[in-house]
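The same chain A turns up in both complexes below, where it pairs with chain B and then with chain C.
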Partner chain A sequence: MLDFSFLLEPATLGVGQSNLDLMLAGWVNTLRAFAGAMFLALAIGVPLGVIRSLPGGGWASRLVAAYVEIFRNIPLLIQLFLWFFVVPELVPERLGWWLKRELPQPEYWNLVFALGIFMSARVVELTRAGIGSLGKGQSEAATALGLGTADTYRFVLLPQALRIVMPPLTTEFANCLKASSIGLTVGYIEITQRAREISEQTFRTFEIFAVATLGYFLTIAVIVLLLQVLEHALRIPGTRMGVSQ
Partner chain B sequence: MNSFTTNLGALWTGMPFLINGLLFSIALTLGAATGGVILGTLIACMRLSGRRLLVGFAFGYVTLFRCVPLLLVIFWFYFLMPLVIQWLTGARFPVPIGPVYSAFITFTIFEAAYYSEIIRAGIQSVARGQVEAAQALRLSQVDTYRYIILPQAIRRMLPVLLTQTIVLFQDSSLVYVLALPDFFSVASRLGQLSGETTFFYLFVALVFFLICYSLSRAVRRLGRAQP
Partner chain C sequence: MRMLGATLAAVLAIPAGTALADETPTIDKIIERGEIVIGHRPASPPFGYIAEDGTVTGYSVEICKYLAEEIKVALGHPELKTVFVPVDAANRIPLVQNGTIDLECAGTGNTAERQKVVSFLYNTMYTDTRIMVRRDSGIKLLADLKGKRVAVPQGAVQQKMIDDISTANGLDITPVMSKDAGDTFRLLDTGRADAAIHVPMELLPFSSKSATPDGFAFIEDWSAPPEQISIMIAKGDEKFRETANAALKGMMDNGKFEENYNAWFLVPPYNLPMPEALRNQIANPNDKPIGG
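Let's look at the complex of A and B:
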């Protein structure tokens, strides 16, 4: 029968911690990886998406297209292993040494980097699609008002495009949270890995996996809710989907 | 990284294993895609049936699997399947089914949630007038689906279904955690045995890239070719 009392019992793995404490620590690690990776994905993805959307194309736009194809067409697990095991061998020796021996929390930073870059490729495409959906009239009107390219993006295109892509971006936030579980393959102890460890120690596999599942479920529910609140708060009064019709 | 000839030597020795690994990954993808589309169609039909119980079940199924990482689901089923089979067959002990079957079942059930959403969107994208016209012609519900809705819906959703299958092919590398002989796990093992980890990881990444990139380009062309 189901019995969740083991959660409050002292854990075999941790000193003075209960199994629930360990799960919570794993959950915090999941959130840390998610936050770091999503920050990186947005910081890289939005500017690259802007470059990709620039009229006329050019070599910069083609370079970004190649970037997107590379990081979309290699499985995330392999990307993580490339960052973790291969990149330190290919960079200059001193940097490789630092990556392998001196980087603090190597599992965390490698996961954030791999996941962030992987997600950034999706953010690029979203940003480009958002800007593309605005129609030529917006940028033409901005040009007619005497705005330069930079100002057109800053004051006219991006504020509208980023509002439009909020719903699909919410899905990507959830994807990023789920994908952070991949960290367990390089020894990052997040919530899935914690559940496995506790299941091996207590044989309460069903219960502990249920706790982990509920953890993901609730976290995603809260993330979706927060982003929806944000979407509503940012909505421009008198418009639909934050865009003048 | 050692000299390139040593790398090629290790690659040549490992080639039969790599080919078998790649075939395993492809078989897992195609098997799970077939099962996933069939199960996904069923769930999409439940979702659109208008019967509260079926709609609720389909909604719960899709929401649950979309909120849980595939890795966790892989562990869930690896542990749960023997118990479920024990319960179904009334055996005295949990029936071990091994990681291979477990992986096939996991991917089928997991991907069905994603496929069902694509199929549902495809069916819903067929204009209402089409269904009404079919009713006006006194076609039965089955005939309406068979001759009016599905031929249009399938054409529309085919590119998205194929894209999802490319994602599935990439995700099939996650069976690494069950120590299955898939392409990535085999390459990873060979790398460790020969000491050429760097080379084998790069090799496997390149092969995955070439396959997924050319497939996704073909899908894009297919999508553009449609009316």
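Let's look at the complex of A and C:
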């Protein structure tokens, strides 16, 4: 029989905390990792996506293509392991020591970095696809109005492209939140690791993972809802998905 | 939003309590399925691991292989097959409870807490906990750990131990969380932690295969008292427990148990003569939990 009363009982390993308190602390850590990683993914992914879409290509575009292939093709778990255990041994010793010992919360920053870079490769492709979907007419019209490349992107292409990619981007937000659970492999104590820990202590495996599942489900539902509201609010009047028909 | 509501309703409507109850006694199920299922760890030497040639082995696994053969004979079904299923710390208890595995053969501590939900056979081993450091770190005694970082298997008993040590001695230790023995050692080996607290028998297989096999030592003035580990089975199936325990007692009596011990622990990197507690256990087998 499922019995959830253990949630309010004091946790074996917590100091004056209940099992539910530990789950909530894990949930906060999941959100922190998600927020950091998604910020990094957008901050890197959108500019690189613009470079990737620049007319004429060139070496910069090819470099970005290589970046995307590398970080999209290597499993996330392996990337995190490489950043955490291998990279500090390859860089100059002083920097390696800093990464291992002086960087505050090394598990958190390693996870944010690995997850952010992995997600950024996907954001690059989304941005490029969004810009590519606009059709030549948009940039030609911008050029006819006397706009340079930078202004064409700033005033014409990006405002439309980013609106177009809002729905697939929402999916990536959800993926990012779920993928943050790999943090447990480097000792980052997020909601999945908390569930494992409490399951080990209380043997309420089904119950605690039901709680974790519900936590993920509701959190993602709220994120999706917020992004849908945002998408709606940003919609250009008289258009569908931000694009003139 | 309507879709979301419907999905949520569907998720919540999954009937509670369908998974856990399994009324069929273990023996009926073994005969019906035609196999005895051994749950093992894929990478927890020396208790259970998958060897390079793909066979499942380890101290506890070898005991279970012997038990499985004896159980087949005792049940009058020598044609039964032995099947291996990998398990981990998170799923071992549910898989024993729901009958997916019949014998869990790893380094699982026999605790009173666990005895509330599963049963154990006679205790099969005693393991202590110690703190490993790098020899060149200059750390020799507990007091040298002041302000240091110690790798801890997250959620395990050692987490509480290191908290207690730190508080009781005013050491201000920062725990660094890891997910298993290999990971705990790796944190020490790469310098992310100054020390690692774990069962020595589980750390030694990793340190002895590292780049500096002789570069590690244990803190001299601290160890946790030995605690018993055993083979986990489903609770409430007395007939199966008696059959398996009879086979285990037979193994202890005919010397095969000690033979298996010597094969695993009288060799490097352990070189560990049989602990007195285990000798007593062979003379008077019992399934008393830790502290009991």
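Here is the rule we use: the second predicted complex is superposed on the first by the 245 of 245 C-alpha atoms of A that agree within 3 Å, B and C clash if a C-alpha of one lies under 4 Å from a C-alpha of the other, contacts with A are read in each partner's own complex, and residues count from 1 in each chain.
In this section, contacts are C-beta pairs under 8 Å (C-beta built on N, C-alpha and C of every residue); 3 or more make two chains touch, one makes a residue touch a chain.
What you see is a predicted model, and the numbers here were worked out from it, not measured in a lab.
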| item | value |
| --- | --- |
| Combined model on chain A: chain C and chain B, fit or clash | clash |
| First (chain B), second (chain C), both or neither touched by A:Val28 | neither |
| First, second, both or neither for A:Phe217, with chain B first and chain C second | both |
| Which superposed partner A:Leu184 touches (first chain B, second chain C, both, neither) | both |
| Contacts of A:Leu82 with chain B and chain C, given as first, second, both or neither | first |
| First, second, both or neither for A:Leu230, with chain B first and chain C second | neither |
| Touched partner set for A:Glu107, first chain B, second chain C, both or neither | second |
| First (chain B), second (chain C), both or neither touched by A:Ala141 | neither |
| Touched partner set for A:Gln201, first chain B, second chain C, both or neither | second |
| Chain A residues contacted in one complex by chain B, in the other by chain C | 85, 89, 184-185, 196, 199, 205-206, 213, 217, 221 |
| Complex interface listing, chain A residues touching chain C | 1-2, 12-13, 85, 88-89, 97, 100-101, 106-107, 184-185, 187-189, 193, 196-197, 199-201, 203, 205-206, 213-214, 217, 221, 225 |
| Residues of chain C that touch chain A when the two form their complex | 1, 4, 8, 11, 16-17, 19-20, 89-91, 93-94, 113-114, 116-117, 149, 154-156, 159-160, 176-179, 183, 186-187, 190-192 |
| Footprint of chain A on chain B - complex, ascending | 1, 64, 66-72, 75-76, 79-80, 170-171, 173-174, 176-177, 184, 188, 197-198, 201-202, 204-205, 208-209, 212-213, 216 |
| Touch list for chain A against partner chain B, complex | 69-70, 72-79, 81-82, 85-86, 89-90, 174, 178-182, 184-185, 192, 195-196, 199, 205-206, 209, 212-213, 216-217, 220-221 |
